[in-house]
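My structure is below; once you've seen it, I'll send some questions.
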Amino acid sequence: MTARDTILNAVRLGLTTPGVDPAAIRREAAALLVDPAARRPSLLSDSLVDAFIARVTSPKVAATAERIGTATELPDVVRRYLESRQLPAVVALQPAAILQSLDWSGFEKHDRVAADETIAVGVARWAIAETGSLVFHSDAETPILANFLPLHHVVLLRANTVLAYLEDYAAATAGQRPPRNVNIITGASGTTDIEGSLVLGAHGPRYLHVVIVDEHSALDEAQITA
Amino acid sequence: MTQPQSASRPPSPPRVGLFVTCLVDAMRPSVGFAALKLLRDAGCRVEVPEAQTCCGQPAFNSGDTADTAVLARRFIEAFEPYDYVVAPSGSCVGMTRAHYVEALADDPAWAERARRLADRTYELMSFLVDVMHFTPAGVKLDATVTYHDSCSGLRELGVYAQPRALLDSVSGLSLMPLEGNDVCCGFGGTFCVKYPAISNAVVAEKADAIDRSGARLLLGGDLGCLMNMAGKLKRKGSRVRAFHAAEVLAGMGDGPAIGEER
Amino acid sequence: MQEAPMSFKARAERALADPTLKLAIDRTTGTAERKRAVAMTQFPQFEAARECGKRIKDHVIAHLDHYLLEFERNAIASGAKVHWARTAEEASQIVVSLCRQAGAKRVTRVKSMLGEEIGLPHALDEAGIERVETDLAEHIVQLGGDRPSHIVWPSMHRTREQVSEMFKRSHRAPHREETIEAMVDSARRELRDKFLSADVAISGANFLVADTGATCTVTNEGNAELTTTPPRVHIVTAGIEKLVPTTAHAFAMLRLLVRSATGADVTQYTTFHCGPKQPGDRDGPEEFHIVLVDNGRTRMLREGLKEMLRCIRCGACMNHCVVFRQLGGHVYGGTYPGPMGAVLTPVFDGLKSSRDLPHACTLNGKCQEVCPVDIPLPTLLRGWRDRSWREGLEPASMRVGMGLFTFVASRPRLYRLATAVAIRVMRLFSRGGTVRGMPGLGAWTAHREFPAPAERSFMAMYKDLEKGQ
């Protein structure tokens, strides 16, 4: 007997009611998730964007955030970010159309992230207000390493992609073929492995800066449905 | 896991079978007399069944289910005639309330008798407060005290507020918070003699916390835990003295503490 | 630090005599306990969430065959290769042979308790494959040449001073400043190029999502994604109890897991892995393997340990365990320490060699109170004690003693007499309210005073009082 059969047989021997109708199991599973409000924390604000910002900048997540009117302001935001930290104007730019289309003159930019990359600029697909998380899907425009190699990660987020709860992300992607990787990123990399004290920048980024753009352009639309 | 015991109206006056526990019987009878007094003051008709010995907890926690069942059946026979069974110990009551059914599971008739008795079995302080709605009157003790919540009472029976409510009525007494009041003292029944070195390390930390509380007296609701902590406090030269809370509530707080010469 | 030949008690005494270890344990578990307490005050929905989490796990376990097959089907559809392993040896052999097939010289590993459970580090080392532990704590464990001592903080047994020394000894460009920040930086520099040059990545899974075939890992350092993205092959090992029906169920569990483990609301990185690199993807492995491991789990299902399969490996039980906090993790001798380890180790290693674990516990119930899926740990531990008694593993002195006690205690008049004799004997040894030097009381009196009994028992005095009335 194969290991697979042995295990499945052993599982069935241990169950009180094996062979239940799959549809009934699915119904039972769905019923477990009723009344989500009773078992989730409340949001920090009625506005999803405000709730997200409050969470992502709270000491627990410890990222920084700012709002801009249109995506075209992003290069200026990045310029100021770098200047205030006395960093050179060299950025790794996620190969996403919305970012590539912006005016990056004055920057030295590339789309392959190096092992010791100082700063990468990316764009999140969604955000979660509940946790202050950013959501990325691996695809042609989203190398996963770009989210993890740089020391500074600056992420553009469209205000209309902020979801309330983690389950809302699951609902938004239900029925779609999952990407190879879904990264739900909440703040900068951290470790508590030495005596339980929190230190940021363990292996991933030490700094996470979220730039929320309010504008809802045709370009954004294209990105969302991509 | 913790279910507040039901607060149904007692038949008046209720007939209470007092289980003093084997430890109180042999080591510190004053706790039994304190319980007796408090129950009578609360308006109960109290009897002390002669057939009582030990609830069987040591056997149960050692994995000896056969011997547990023998003692559990004995206990049930001795206490079945009463309206209520009350004991000045969270762990013995936890045993009878929470574990007899389990220990007698092989025998449905006995398991049913255990279940019915369990519903009427109470830890002393929760019985006084939740069932009898009792407040001791005229008790005075000028002392700073701190309270250790013994684990079985706290987690199996939900005993937390009741001793505090009762102690609140003792004039002159002030309750100091105990850091880690709900952390096990390291007694654990036979654990403390099976693994003495570990038990010692746990109770040493407990004794330090008790000292830090600044209280003059340590109170609790389980004699086993109290003997463990009192013994450690004395060994380390602490001046904190230990009493069962029932003793203080019955006005015996000026007598010899646990481990003091009588 | 190979400590197998030492008895549990000897290991315990050695740990108790190590003040540096105690300092390290207190620093980490103390912080964990405080942070969890704060997280709980900010999450009043915890009880409802916990009930839901418990029911999700029970539901999955009750239909485990269904969910295993659904997961397998979806994982295969995503391009993953699914392997099944009955035992620890079979699981680590599958991983080693996959590494060999990939021609792997260097593998990077993400911390996984299952990997430890199946002896993967050892199997890789035996096979002559260079193994790079990328989780900071596992890196410290690897440098120290010992074993993890906690499931969330594997190097909890090391103080910052010890870590500093290790890094200085082995890192190519070690820290100069004696701060934890500088040490973390040193590890960052040390491991950077190793992420990118590995041939195979090996990780575990916190959840297996049945309806997508995805595996989910939750981490804080970012090492997991840096590990699993660059190599050509990614292998996931996971216990068969890790299944959840859907992504939404995984999120419901996630809220419980993270708060219970570290006191954060979510981990910094929650990543779902679904198959290998897809057409057009910028990065990711060409091959994605999932090894589903039984290793005693189906036995637990049959042998009264079903509730233990709820365990989501948060470590709250050990952080709040008075025994663990005195001993640390190594004393437990298995992969999993603390209360959950005391339940699991007898499953993996047999009760005979591990009978001390379920006994070295005060049954105080704190572990169940903090368990995010309400596992009745004290009841399960007592279950092992029952079995140990039934199988005759308890010492003869204990068995005879308990039998004698029951004989006496079930005869009230004999019991009264025995009590009177015991009181008399104890009082013979009493001075100043304390029993001293009495044979048989040494285990107690070595460490604390034994309060002397009153002159007569309660029952004797009460009888006299009643007569007098």
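Things to note:
Each chain gets a letter, A, B and C, in the order it is written, and its residues are counted from 1.
Here is the rule we use: contacts are C-beta pairs under 8 Å (C-beta built on N, C-alpha and C of every residue); 3 or more make two chains touch, one makes a residue touch a chain.
A quick note: this is a predicted structure, and the numbers were derived from the prediction, not measured.
The central chain of the assembly on a C-alpha centroid basis is C.
The highest number of C-beta contact pairs joins the chains A-C. Measuring from the averaged C-alpha position of chain A to that of chain B gives a distance of 53 Å.
One finds 32 Å separating the Cα centroids of chain B and chain C. Averaged Cα coordinates give chain A a centre that lies 30 Å from the centre of chain C.
In the complex of the two chains, the chain B residues touching chain C come out as 1, 20, 22, 24-30, 32-33, 36, 48, 50-54, 56, 58-65, 67, 70-71, 74, 151-152, 155-156, 182-184, 186-189, 191-204, 227-228, 230-232, 234-235, 256, 258-262. Taken together, the chain A residues at the contact with chain C in this complex read 2-4, 6-8, 10-20, 22, 25-26, 28-29, 32-33, 38-41, 60, 95, 115-116, 130-131, 133, 138-145, 147-149, 165-167, 169-171, 173, 178-197, 199, 201-205.
Taken together, the chain C residues at the contact with chain B in this complex read 9, 12-13, 16, 322-323, 326-327, 359-366, 368-369, 374, 382, 384-390, 394, 398-399, 402-403, 405-406, 408-410, 412, 415, 419, 422-423, 432-434, 443-444, 446-459, 461-463.
Listed in rising order, the residues of chain C touching chain A in the complex are 24, 27-32, 42-43, 45, 48-49, 51-52, 55-56, 59, 62-66, 68-70, 78, 83-86, 90, 134-137, 140, 153-156, 158-160, 163, 180-181, 183-185, 187-188, 191-193, 195-196, 212-214, 220-223, 225-226, 229-230, 240, 245-249, 251-252, 254-255, 262, 264-278, 280-284, 292, 294, 298-299, 301-302, 306.
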